[in-house]
Amino acid sequence: MTARTKVMKKPLRTLGDQSYLVELVKGLGLTLKHFFKGTQQMVANSYANPAEDPFAEGIATLEYPEVKRAYPERWRGVHRLTHREDGSPRCVACLCCSTACPAQCIYIKPAEYPAGDKRRGYERFPEEFVIDELRCIFCGYCVEACPCDAIRMDTGMHMTALDNRASFIFDKEKLMSIPSQHGEFKSENPRHEPGDPSHPGIDRLRGH
Amino acid sequence: MADVELETRVVGGGDAGFVTTKFEALLAWARKYSLFQYPFATACCGMEFFAAASPRYDIARFGAEAPRFSPRQADVLWVVGTISQRQAPVLKRIYDQMTEPKWVIAFGTCASCGGFYDNYATVPGIDKILPVDVMIPGCPPRPEAVLDGLMLLQQKIGDGDRTTAVVKNTQLPDGAEEKLERLYNIRMRP
Amino acid sequence: MEPIDLEYDDAELELPSEPMSLNMGPSHPAMHGTIRMVLKLDGETVKSTDIQPGYLHRAFEKMAERGTWAQVFPYTDRLNYCSPLLNNVGYALAVEKLLGITVPRMGQLLRVVHGELSRMADHLTCNGAMAMELGAFTPFLWYLKAREWIWECHETQTGARMTHSYFRIGGTALPATDQFVARARKTVQRVLEVVAEGESLLLRNRIFLDRTQGIGVLSRETALAYGVSGPMLRGSGVDYDVRKDKPYLTYGEVDFDVPIGEDGDTFDRFMVRSEELRQSARIIEQTLDLMEKVDPRSPDAKVSVDDPRVMLPPKSEVYGTIEGTINHFKLIMEGVDVPAGEAYAYTEGGNGELGFFVVSRGGGTPWRVRVRSPCFYSLQSAKGLIEGGMLADIVPIFGSVNMIGGECDR
Amino acid sequence: MPRFKLDDRELPFEKGDTIIRAAHRQGIEIPHYCWHPGLSVAANCRMCLVEIEPPPGRPAMMLDIMHWDEGKRDWVPAKKPKLQPACQQEVSEGMVVRSQSSTHVAEARRSVQEFLLVNHPVDCPICDQAGECKLQDYWMSEGRQPKRMLDEPVHKPKGVVFSETIVYDAERCIACTRCIRVCDELAGDHALDLRERGNRFEVVLAPGRKLDGPYSLMTEHVCPVGALTSSHFRFKARVWTLRGSPGVCSGCATGCNTWVDADPRENRVYRLRPRDNEQVNKYWMCDDGMMTYERQRLGRVSRAYVGRDSARSEAAVEDALKRAATELSKVPKGKLAVVLSAQATCEDNLVLAELARAVEARLYLSARGPWQADRVLRNADANPNRAGAVLVGGDKVGSLQDLVASVAAGDVQGIVGIGADADLDSATLAPLGRVGAVALFLSHDGPLARFATVTVPVCSALEAEGHFVNVKGLAQGFKRAALPREGVLPGWDAAARVGRGLGLELSYRAAREVRAALQARLQPPAKAADTTAAEGASGA
Amino acid sequence: MLFWVQALVKVGIIVGILAQVGAILLWVERKQSAMMQDRMGPNRAFIPLFGRKIRAAGLIHSIADGIKMVWKEDWRPPKADKWLYAAAPIISIVPPLCLFAVIPFGPTLHLNHLREMYQASWTAEAGARVVPLQIADLDVGILFIFAVAGAGVIGAALAGWSSDNKFSLLGGLRAASQMVSYEVAMGLSLVGAFMVYQSPRIGEMVDWQVDHVWGIFAQPLAFVLFATAAIAETKRVPFDVPEGESEVVAGYFTEYSGLKFGMFAAGELVEVCTAGAILTTVFLGGWHMPFLTQRGVEVMISAGRALDPEVVSAFVAQHGDKMVGFDAAAELAQQHAVTARDLLTHCGSSFAHLGTSFVWHWPHWAVVAVGAGNFLLKVLLLVFLQLQIRWTLPRFRYDQIMKLGWRVLLPAALVNVLATGTILLFLQAGRA
Amino acid sequence: MARIILDRLKERFGADVLETSSQHGDDVAVVTPARWREAAEFVRTDPRCACDYFVDLSAIDCCDNGDPEARFEVYVIAYSVARKHRVRLKVRLPEDNPEVDTLIPVWVGANWMERECFDMFGVRFKGHPDLRRILLYEEFKGHPLRKDYPAQQAQPLVAYREGTYDKLRPFLADEGMPLDRTFKAAQDPD
């Protein structure tokens, strides 16, 4: 162990410090260095793209609308709803996400599949699935709470600014139309559903 | 959602309804590239507001760098962060002190709708107390979204129109744009 | 540098004048938007002041009583929004204290690294903002650039730039990514370079020295009685640092110094923060070494406790097995069942002793979550620092107090 | 009282109690699936196994088992005590029972839990029971063991329709047979039975039958897992977002105690459940009673109206109240009739009765007509509070028939009343149309509503709090489950306001004042029993 | 008549340039600070022209600023004094503009010989059409500068007072006291310069510097003092306490909006420019550029041979400290094999390079143009420096500014006067 | 380690120390309201306690214990920088007129904490020089951290604008999720 405490001594003021000028010149030297570096890069149009090299010296500006930074894999962006094989929502309206949501920005109206649907009686689905993206705080709790891998925030899109509060209400269709950062819509949930071909099926007479 | 009406805002000093002249267009052009801002920064979003002004994102590129802490000289009021009930009169007063033309950007979830602070202390969205032109979602919004919001405001100023608008989403993978446009059901601007 | 008016007591020569009362804030640029000061001025000298916080009261403590224990994390992020992960850690430790669980080693190391990165961001913001409010805009923007690196480092790891909600009761939400260690090292190194650059514009600059040295002197005894903590207390010469005095997580294993100031003036507070930046960098370097030493197959390499009562099961189990699903549902529906009791856990936050006093009556909802927010205490002591000084001194003093609205007003 | 020992606690018991019942009486729960306090013992789930220490001097009954030794990494012979089902074992004086404190018991429960979940589908997201499912509760408190069997589970029929209201999912079923016993013992109708054994078991309907009868919803209620679900509640809400408030069923004069489960966010009632009360309904309710919340939603009056028939128009509540006072004040003394309601709470009736007393009006009582009764719970009187209305009104309460007669005789020129129910047909009621001033406080539409010249909306039984006195004379209080619409007043409040408009001294301004006045009026045996406190005993 | 035409043209040129100064400096400041701070700065405003987007590296933003500001709502506090409130911004922008009236921004123009090489004798030519590149060469030029610059304070003080706002009042007070204080230091720091130049006429000051040496070398201390005071006069960081945002919001112009605010802002930038111009004129030789003579560029490359001290003494005795003609000097160097350095040491002249000469004669108009351009360049350099300082330093505290003004600059200026006087006395004594 | 404080307190105050405990390593002593200040003074000045560092002061609403005489628990935490131990002192106050001595003479830092405690819980501190609200505004009625104060009951200072959005469909209720996840009786609403 080295010294436990370290007293931060006040620097001794030299005559140079007291006269303002020396430090002014030094400071100017530093800022001029930055200035010339920046100017040279701007004129030569040779500055590094921070999306590629964030630690580069000189101009560090990401010229946003033209240059974009791919968001990290884990970054939590706009929500999406994953699809099943047949394109219906993976969500079964269990309401876990809306329960876990601290902002209560998720509204789900669960419903049963209509008569004649192969999933009737087995599964439910969200008749309405609405997220108020304005109210959302992007904490990711809904994704964590989803037991079906139905809701995800890996779209790599940030929610854009709008000028109407109603436009932030994303309904089921909109949420389902948004792909992941890699353009996918599928879910990783391997669950066999009673209606799916992969399901072993039931046959009371045949037994199991 | 019949009760959702768009906010009206005054462009060009309030003489709405006359023909847009070249002069008006010039004025709108000038205004959109010279947005002096009053940052009413109260909370966490202030950090991202700094970040948007930081070298990395540099809001100055849009000509909106100059913070004027006197509301008289500011064009756009950034309400950055949670507005508590106690703060509301202050905000209202600042807004009233601003000179025309003026715009308001609600920065972040709290300012836009109260966010997850739906409690006794917080105003559930500043549109409860003053007209808002642009709302930037996110808690806090990342600087890209802030710039989106600013560009949206510039578009609105430039067009002088009051319809719903959406900034073209810039983070979409190829090919998804038309789909989004169709599904957003909102006119995408050129 | 004492105010010129006070040096010569020639008040009787001047015309008697009424003190001017001035409202500073809450929308005043130096007040961070959330503080109002009612000042009584005699010329430029502050005769008395009434500091009124509360403009950012967001009912944190009330909101915490509403959801589950886990749902408090997003709120803690927004307490001290300069260093959200330190708040996360503080709250997690408090609940873990109630639960009587200890996080596996990798989880602890991650908490330390992220916490210290957060602290660096916090101090960068504080020192930068203080310089900015003194008119030095350039170092502030350089610091912001550096902070951006830290945030991006966080972002790849936690999924958000500043409101991470990354830690959980019993561990972290996700393990570290592969590139994290290298990225963190690079980040720390570059940040220190920028800090050195920024400080070279300030630390020997007489204007800056005159503005900060001897301004806002907080004596050791006053600081203690006010409950001031963190860099501000250390600036006053008290070597109280929770990380040293009661090492939590893995702070006992790493080697770092506690910087303390000489007189307790604004400059000392600036210097303490600036040195803490470097000490944080040391801690991070050492902790990253420790992380690399952890055998990835040993139980130490886990980031979360292996207790279904506390941690959500892995997603694969949730999708595939009823046991995992039940576990998941119980934790989502009802939250972590924290046994009745109360505990006060304290950590070294960005601004000092960040204490969470949690009371459970059993069940998944907190009965009371009290946060001992260091700013509130620091701000209280600011009254004494401001009075008698000049109007302009409020700016550096207030900057060095580092009042963070979310934490102060909760 | 004899005592026994459970987990180091001395507990009293009554003779003939089983361990689980003795513990249940003391509010201690021993984990169980198949046992239900109101049903016979089946002892087939094996969840309630407990360890009973042998009496002094007797050797313990031990079983030889093979035990996995982690050190040797092999199975070794071991012994463990023979555990007894607590639901079947009678308690005896001085018996020492170990439940939570026994590792053997814990292991047994863990094994039972694992066994029950071996074939359980991954259905929590879909299952309506999630949140009040015993499988979930006990996994968390007793099991906490990840799955070891990784084979594809046995698949069985799902979504089997037992009746219009009951849907059965065989995969979720744990064969506790509670539903079968409910049918047998409560409804007296052996409509259900168990078929097959082992992991192929299944609950089936008797051939050609439907699960009908007035107590079919009870099968769903007693199901400890999500095997039986009711189509009324199915997929509508999640139980953990609901808040239960203690209520009293307004379906008939039995006054079954209920839990009213409402979502406070939407301010909507989703279901009623029976609330245990040994004196009244034990653990049960009838289907119609459980569906009264639907009735409360239909025909709801939520706005004030002024005028009658074609002249009717919407008005503000305040204006309607004023109008009522003006109209009624023109009625000559003695010509006013006050109509109490057997559907309204004692509080509402009390204030109305006091109003009547103050203006010397005659009292009448409106009520619903009789319905199908049975010998289990259902009473022939379909009104929850006839006894209460009579109690607060005194002996001279006339029937609606009397009112029609008085109107026909010209003795009545003004009516003020609560509720629109009537047990008479519309032709008989027609003379009421001659009365010029009829002020009605309505929560729901009904036969009387069309005679009103002033309609004031008041709280329904789910929105108000008050007391019902059941047919046995037991006054039972209940709490508010949902908030009324803006402007909708409690009935007593509306009555009191109109009374004050008439210049009377009806000083009731807070619910607690009315309640205090009511308490004074309730004589034994109708003294209000605070049954709402019986909160903990609902989960059986 | 010619005089008036000349004056009008010159005023037109100056005002025409200065009118753009606000916008241009705004852009310079934005872009420069951006470069210092590792960012891009404004660059997104554009004018569509021939299907292309003309961005002019962000200069367009300044135009937008100007246009917007003019049509921004003009607001007056209800309790404000109407006339004073309106007058204040005008008062604060006019003086820095007026100051340019006495600044010579180029060598004198001889209209008759525009296309020829300049000959010294032409000055004596009768009826010569001469245009001095200076609007008014007042006898009391430098005093005019003090007087007019001092008027600027009134604007700030009035604005602060008439705004009916406590922050404005504080700002106005600060501005008034600060500017008045620095006026004193500024004035005194120039006294030394007068003594050296022996004239208060600005034109003559420049001539002296052209003849001898730049003022910065003759009066280095005065240069520093005057520069400091001039920056303080502009009320910018580190001297921006009258409008320090973190202290008094926007200071004395807190309540101003629209065009009036624009006038304050522009006034400030014009002041920066003015300060640069005065500094250039008084200390940096005005339009003068090394090696630029009236005939063009003449450069001597040293022969590098040693010079006998006696020869040099003789040379000095012959020529005094007057300008050494190139030819004579070259001849001398060849004769005696002197080095330029030695000659310089002894002559104290700036042009006495000896050796091979490089002479490039220009027509007169080119010389004048280069001179004027040179002046502009120097001003811009100084402006650049001021901006650089503004973005490098933190802000003083109000009392520290006063202390610096009264206790450092003022005594230093006095010392400078004393020292200059003493040295001059000695020199004169030596010469006599 | 800090048992010493509890021992010293018991030694000094005897029966006035109602209860001591050391749950989770936090040492807690409950003292009677009458000797609250004295106990704090003792903890600070006693050389073997020497808790010179003021850590925290707040309250807990214990409305669930059913005892109106002990509804509020006010606690103070003190720490000794030299001896590195800390203690939590508690005092129980009745529902009607909860009042206790101020601790400002002991630790000057208690000033704002007591104001906050008054603001949030309505606990009054005898001898406090400036017992005003601190986080909320003077116009606010009630004490929000009491369990019976509804979290959503806002008391706006600025009138909301006409025609602004309420919570949008289908987000019907502003109240939020239920207080507790298990079934519990609704609060008595009168």
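Letters A, B, C, D, E and F mark the chains in the order given here, with residues in each chain numbered from 1 onward.
The rule is simple: contacts are C-beta pairs under 8 Å (C-beta built on N, C-alpha and C of every residue); 3 or more make two chains touch, one makes a residue touch a chain.
None of the values given here were measured: they were computed from a predicted structure.
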Inset, instruction - Report back the single chain whose CA centre is most distant from the CA centre of chain D. - result: E
Inset, instruction - Have a look at A-E versus B-E and report the one with more C-beta pairs in contact. - result: B-E
Legend entry - Averaged-CA centre spacing for the pair chain F and chain D, given as whole angstrom: 39
Inset, instruction - Express in whole angstrom the distance between the two chain centres, defined as the mean CA positions of chain A and chain B. - result: 22
Legend entry - Rounded Å distance, chain E centre to chain F centre (Cα mean): 66
Inset, instruction - Could you please state the distance in Å, as a whole number, between where the Cα atoms of chain A are centred and where those of chain C are centred? - result: 25
Legend entry - Multi-partner residues of chain D (at least 2 other chains): 122, 124-125, 130, 238, 240-241, 265
Inset, instruction - Could you list which residues of chain B touch at least two other chains? - result: 1, 4, 54-56, 58, 61, 67, 69, 86, 116, 118-122, 125, 127, 139, 142
Inset, instruction - Can you tell me which residues of chain A touch two or more of the remaining chains? - result: 24, 27, 30-31, 34, 59-61, 63, 71, 96, 99, 102, 104, 132, 135, 137-139, 147-148, 165-166, 169, 191
Legend entry - Residue ranges of chain C in contact with chain F within the complex: 52-54, 57, 59, 61-63, 65-68, 97-98, 100, 222, 224-228, 238, 240, 245-246, 333-335, 341-344, 346, 353, 355, 357, 359, 361, 363-365, 367-368, 370, 372, 376-377, 380-381, 409-410
Legend entry - chain B to chain F touching residues, read off their complex: 1, 3-5, 85-86, 88-89, 92, 118-125, 127-131
Legend entry - Complex contact set, residues of chain B against chain A: 1, 4, 6-7, 55-58, 61, 105, 109, 112-116, 118, 125, 127, 132-139, 141-149, 151-152, 156, 164-167, 169-173, 175-176, 179-180, 183-184, 186
Inset, instruction - Flag every residue of chain C that touches chain D in the complex, lowest number first. - result: 308-309, 313, 317, 319-330, 333-334, 337
Legend entry - Residues of chain A defined as touching chain D within the complex: 92-96, 99, 104, 110-112, 120-124, 147-148, 191, 194, 199-202, 204, 207-208
